[in-house]
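In what follows, subunit A forms one complex with subunit B and a second complex with subunit C.
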Partner chain A sequence: MSSPTCCMKNSDSFTKNLTPSQRIEIDACTQCGECLDCCPVQQVTKNPDISPPEKIRMFREFIMATDSLKAKILGAKEIDRKLLEDFTRAVFECTTCGACGQNCTVGINTQRLWPMLRKEMVRRGLGPLGPQKEMPEAIGKTGNPYGKPAEERYSPWFPEDIQVVEKAPVAYYAGCTGAYEAHPMVKGDVLVLHAIGEPFTMLPPEEEVCCGFPLFITGQHDMLEGLVKRLVEAYQARDVKTLVCSCPCCVNIMARDWPLYYGRELPFRIRHITQAVAGAFAAGRLKIERELRERIIYHDPCYLSRGVGIMEEPRDVLKNIPGIELLEFDHNRLESRCCGAGGAARKVYHENAVAMGRLTIDEAVRKKADKLILSCPACYAKVHEAMQDHKTKIPIVDIMELISGLLGKG
Partner chain B sequence: MHPRPWILFWFFVICCHLYLDYSLYRRWKGWIRGMKTGFAMSRLKMPVVRIWLYEVFLQRQLFSLSVMRWLIHQCIFWGFISLTFLSLTKFILLLLSRISLDAGLHDFFSWGAGYPFTKLWGDFFGLILFAGCAGALARRFVLRPVETAHDQTDTFLTVYLLLMTLSGFMLESLRMALSPSDLDNYAFIGGIFMPARFGIVAGLGTWHAVTWIFHAFSGAAILAYLPHSKLLHSLLAPLVIALNAAEEEGRKDMYWPKTKQYRPIR
Partner chain C sequence: MGLVLSVGFYTCFLFFVAGYLVRMVTWAQQAPPRVLPGKTLTLPVFLNALVDILLLRRLLRANDVLWLGEWTFHASLLILFLRHLRYVLEPSPPFVYAMDIPARVAAWLLPASLIYIGAMKLVIEKKTYISSYNFMLLGLMMVSCVSGLVMKYSLPADMVDIKHFTMGLVTFHMGISPESITFLFHFIIFLVLLVSLPTHMFAAPLTMIEARQREDELPYLLHEK
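And then the complex of A and B:
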C-alpha cells in the first residue's frame, strides 16, 4: 500500500505529487467547458460536479486554501473532509480516457494529470476506492492485480503446439488482463506472432508480473519502480530488442513511464502487436488468403490512440483481409469515445462502465456492422460484460483473434 | 485640453505593475514547489516550435472545435496583443526620446510621417478587439451554445475590454475635436465617434479628461487584475503548450508529434 496517511492534516499541501508543468496546467484552465461535450462520464452521468473543469476548479481551491499567501500568513485552512471525499470520488470516477485533454483549448494533458491528482488523494488516505485498494497486495503476492495464481497465467489459453524460445530479439508480453480475462485475445496474439515465423520469447508465468499500469492509474506508485526494474532486467537477460504487447495500457506505461521508473532509456523498443503485424503484412511475411465478406467496425482504445498515437496500424491490419468493409465510429482515432473500461474506474463505477460500453455496442449495431473489433483486453472484457442483459447484440472480436482465425486452415 | 493627472497615473501604473510582478512571483514559487523534473533546452526542437506556433498564434485546436469561437478568440487575441504592443512601443520610445536614444522615432510616430501608421494600427486593431468582445457577448447571451460554461467574471472581463476599447475610440475623437489635424482621416474609427455627431459641442476638455482617466486607469488596472482573471491564460496557455510539447519531445513517444494531430473541423 501507499505511504501512511493517518496523521496527515487536510491542510497539508496538495502539490507534492505534481510537476511544475502540471501546477501551471491547473492555473491555466479557463473553465471554458469545451471538454464537457466529449467526456464519456458526463455523457452517461450528466453530473457537472464530476466534470473535468469542476475537478480542476476544486483542486485549485484546495491549493489556494493550503498554499496561498493568506494561508501562509493566517495558517492553512483545514479543508472539509466531505469536500475532499467528493473530489476523490470525482477523480476516481473518471476513465482517464484523455478526451478532455484532446479537446482542451489551453493544451492541458489531462491523461497525465488525473493519475497525479489520484496519487495525491491516495497520499491523503482518501483513495483508492473499493477493489482498487486490493491491487498492490494482490500484485505483491501473485504478480497480477486480479490475485490469480501465476500458474494460471498462460495455461488456459496458450496453444500447445507453439513453442517459445529461451532468448530472442522479439519478446511477447501477454499482460494480466489479457492473460486472465481475455483469453481469445492473447491466444490470437501468440498465433499471429507464430504465423509471422520469427522466433519469440516470453517470460515464465511467475516472472511476467504486472506492468504497473493499474497501480499507476490508481495513484498507488510505491511498487512501480520495483516492478519495472524486475521486468526490464528479465527481458534484457533474454537479449530482447523488441517487446511486443497487445494491451494498450501496458504499451502506454512501457513506452511513456517505464524509462522514468527504470531511470534511463529502455534497452529495447516497445511495439504494439498491430505495429508488428502491420509490418509483417507490409513485408509479405503474412498474407490472408481467405475472404471475409463482412462489415466490421474498429474501436480505438483510448490509451492506444490518444495515449501513444497508434491509429492507422490496426486499420492497416484489417484492410489486409480480402472482402472486408471497414466502418468507422462517429468518434474515431484521436476523438474516440471510451468504452467505459479505462482508468480502473470500471472496478468501482460499474454502472457507468456498462452504460458507456452499451453506447459503443449500440453505435456499432446502428452502423450495421457484422462484428465489433477491439484491440484492448480491458475493452474486450468490459464490452462483453456490457452486452449481457442488453437488448442489442453484436459479435465482439479482438483484432488478433480475427486475424488468427483467418490465417488458419479452411 | 484639461491637464491630466500624470503623476497619479504613473503612481497607479507602478503599483499595479508591482502587484502583477508579486502575484506572478507567488505563482512561480508555487509552481516550482512541485516534483522536480528536468528541462533540457535541447528539447526545443522543430516539432515543438511548430506546434507552439500553430497553437499559440493560429489556435488550431480552437479552430477545430468551433470556427466561430476561433474567429472571436483570434479577434480578441490579435486586437489585445497589437494594442498592447502599440502602447508599449510608444512608451518605450517616449522614454528613449528623453535620453535622445530613440533615433527620432518618437517624433516620427507621434506627429511625423509615421503618425498615420500609428492611427491606422490603433484603429484597426481596436476595431478587431471590439468586434471580438462584441462577438463573445453575442455568442454567450444570444447564441448560447450548449458547451459554454461561464461565470459572471467572464462577462465582466469581456465588458471591461469592450468598454476600454470604446473609451479609446472616444478619447481619440475628443482629441481630434479639440486639436484637429490634416492626418485625422487616418483615424477611421475615431471619426465615427466625433462629439458633434452626438450633439456634444461644449465642455469637450472635461469630457476628454474624464475619458482619458477612465481609459488610462482601466488599462493600468488590467495589470493588477490579470493574475486573478482568466486573462492569466494568455500567459499560461503558451507556457503549457511549450512545456507539454517539450516533454513529449524528450520522452520520444512512439508517434510524437503525430499524437498532436488535432481533430478535423466539424
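And then the complex of A and C:
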C-alpha cells in the first residue's frame, strides 16, 4: 500500500468525503447481517470480516475515534494502521455491486457508499490497491485505463463499411473496456445503430477519453472534472442531443455524476443503447426476420439495473427475436447477482472474480440456457475468462452482438 | 443510595443526549462539494416510508421469519416505553393509561421475542455474521425484562416510592431511592442500556425515508417522467 499523504494523521476526521446522508447511513446499519446472504464476495470467500456490516462497523469506529463526543472531549485517537489497512482491503475487495444495499433492512445505498469510503482511504494514502494505482497515469497518457494507444481504440473492430457523421443529434460513446477488451460488443452496438438508419456521430479515438468511472470507483477523483468537461464540451461541439452508450458503468457515471463534475445540467441526455434499440423495434425501424429457436438467459449488470434502472429494455429487445425463449436468473433485475467483474476489484482479487463468474455460468447451464446474454463489457471480458478451464461451458454473447448477427440476414 | 442513583441517572442521560447531539452535528457537517441537491420529499413517498419504518418492511422483504421476532420486539419495546412514561409524567396523559393492557402483554412478548431472535440467529439460521454488540444488547434487554417481570409478579416494589423517586429525578428534587433490590437492579440495567443504545435508533428511520425517495426516483433517471 502507498504511504499516507504527507500531513495526514490517522486521527484526522473520516467524514470529509461523506454526504450527510452517508454519515447517517454509517450509523443506521443495525449489524443484522441479512445482506451477507446476497453478497457475491461472501458467497465465494465466506469471510465475514469483509462483509458489509463489518466494513460499516469498522468505519463507524474510525468516526467514533475522531469525531465522537469522547474524541471532542479527550482528543481524537490515533487509529492503528493495521486496522486501517484491513478496512482498506475489505472495501476494495468488494465489487460495489450494491446487492447488499438492495437487500439492506434499513435501505443503505451501498452502491454509492463504498466508492466514497474508498475515496476516503485513497485520501489517507491507503488505497487504491495493486494495478488500480496505475490508472490515473495511464488515463493521463493514453486516455484509457489500460494504457493502450488511442489509435487502437476503434481500428480493430470498427466495421469498415460504416461511416459516422461529423455532427448529429445522436452520438455513440464506445467506452474503454468495450473498445479494448470486448470488441464483439462495441462492434454489435455500431452495427445495430447503423441498422436503425439514423446518422450518428462519434468522437475521434484520441478525443473519446475515459468516462471517469474507473477513477471514480477506485476513489481517485482528482482527474474527473477535467475528463468530464473535455467529453461534454466535445459532444456539445458536435450538436449532440442524445449520447448513447452500452457500457453500464459509463452510463451510470454519465447520468449520476457528470452533471456534478460539469457543474450544471448536461446539454444532452444520456441513454443506454437498449433504450434506443427497443425504441427502434417499437417504431418499426428495426425488425428481425430470422428465427432463433433457442433458450437464452439475460444477466442484469449491477450498474445498469440497480444503478440506473434499465431492466425492461434489454428484455424488450430480446423478445423481438422470433422463436426465442427468454429465461431468468433466480436473482434478476434489481436483485441481480454480480458476475464478479464490478468495482475494479477484479484487477486485484482475480480469483474472487473468476469464482463469481463461474456461479453465473453454472446457473445459466443449470437452467439449460443455450446462450448467456450479457450487456456489460467488464462482465463480457471477465465471464469469458472465468469459463476458461471451467468444467461447464456456455456460449457467451453480448446483447447487441446477438441482435446485429440476426439483422438483415432474413 | 438515592444520591448515587440520581447522579448515575443524570450522568448517563447527559451522555446519551450529548452523544447524540455530537453525532447529529457530525451528520450535518458541511457536505463535500459535488453532492446532488436534496430532492423534495412528497407526501406519498413519506407515507410509504412511514409504513417501511413502522412495519420494518425492508426486513420483512429480506427475512420474514426473523422479521416476526424483530417486529414483535420493537413493538413491545415501544409499548413498554410509552407505559413507563407514567413514572416521569404527572399527571400521566391518557395514552399512557391506554397502554396498560398492551403493556402487560408486551412484558411477556418482549423476552419471548428476544429468545426467538437469538435462537433464530444462532441455532436455526446459523448466521455467519453475529454482532457481539447486538448480543450484548439482547442480553441486557433480557435481564431488564426479567427484573421487570419479577418486580411485577413475584417481588412487588412499592409503586408510590418508585414514582416519588422518578418524579424527583425529572423535577431535580433528588429523593431517597425505593428499597426494592429488584428495582435497583432494573434501574441500573436501564442506565447501562441508555448509554449503550444502538446508533441505528435515530439514523435508520432517516435512511429508510431516503431509500424510499431514491427508489421512487430510479425509474426516471434515464426515462422521461
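By our rule, the second predicted complex is superposed on the first by the 404 of 410 C-alpha atoms of A that agree within 3 Å, B and C clash if a C-alpha of one lies under 4 Å from a C-alpha of the other, contacts with A are read in each partner's own complex, and residues count from 1 in each chain.
Everything that follows uses one rule, which is that contacts are C-beta pairs under 8 Å (C-beta built on N, C-alpha and C of every residue); 3 or more make two chains touch, one makes a residue touch a chain.
Keep in mind it's a predicted model, so treat the numbers as computed, not measured.
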item: Fit-or-clash call for subunit B and subunit C when the two complexes are aligned on subunit A; value: clash
item: Which of subunit B and subunit C A:93 touches, first, second, both or neither; value: neither
item: Touched partner set for A:335, first subunit B, second subunit C, both or neither; value: first
item: Subunit B versus subunit C as contact partner of A:181, first or second or both or neither; value: neither
item: First, second, both or neither for A:363, with subunit B first and subunit C second; value: neither
item: Partner chain(s) touched by A:385 [first = subunit B, second = subunit C, both, neither]; value: neither
item: Contacts of A:60 with subunit B and subunit C, given as first, second, both or neither; value: second
item: Which superposed partner A:120 touches (first subunit B, second subunit C, both, neither); value: neither
item: Set intersection of subunit A contacts, subunit C complex versus subunit B complex; value: 15-21, 23-25, 27-34, 36, 53, 63, 67-69, 103-109, 255-256, 270, 272, 275, 308-310
item: Residues of subunit A defined as touching subunit B within the complex; value: 13, 15-25, 27-34, 36-37, 53, 63, 67-69, 102-109, 255-256, 259, 270, 272, 275, 306-310, 334-335
item: Of subunit C, residues touching subunit A in the complex; value: 15, 18-19, 21-23, 26-29, 31-32, 34-36, 52, 56, 58-59, 61-63, 66, 121, 127-131, 133-134, 198-200, 202-204, 206-208, 210-212, 214, 218-223
item: Contacting residues of subunit B [partner subunit A, same complex]; value: 26-27, 30-35, 37, 55, 59, 61-62, 65, 146-151, 230, 232-233, 236-237, 239-241, 243-244, 247, 251, 253-256, 258-259, 261-263
item: Subunit C contact footprint on subunit A (complex, rising order); value: 15-21, 23-25, 27-36, 42, 46, 48, 51, 53-54, 57, 60, 63, 67-69, 72, 103-109, 251, 255-257, 260-261, 270-272, 275, 308-310
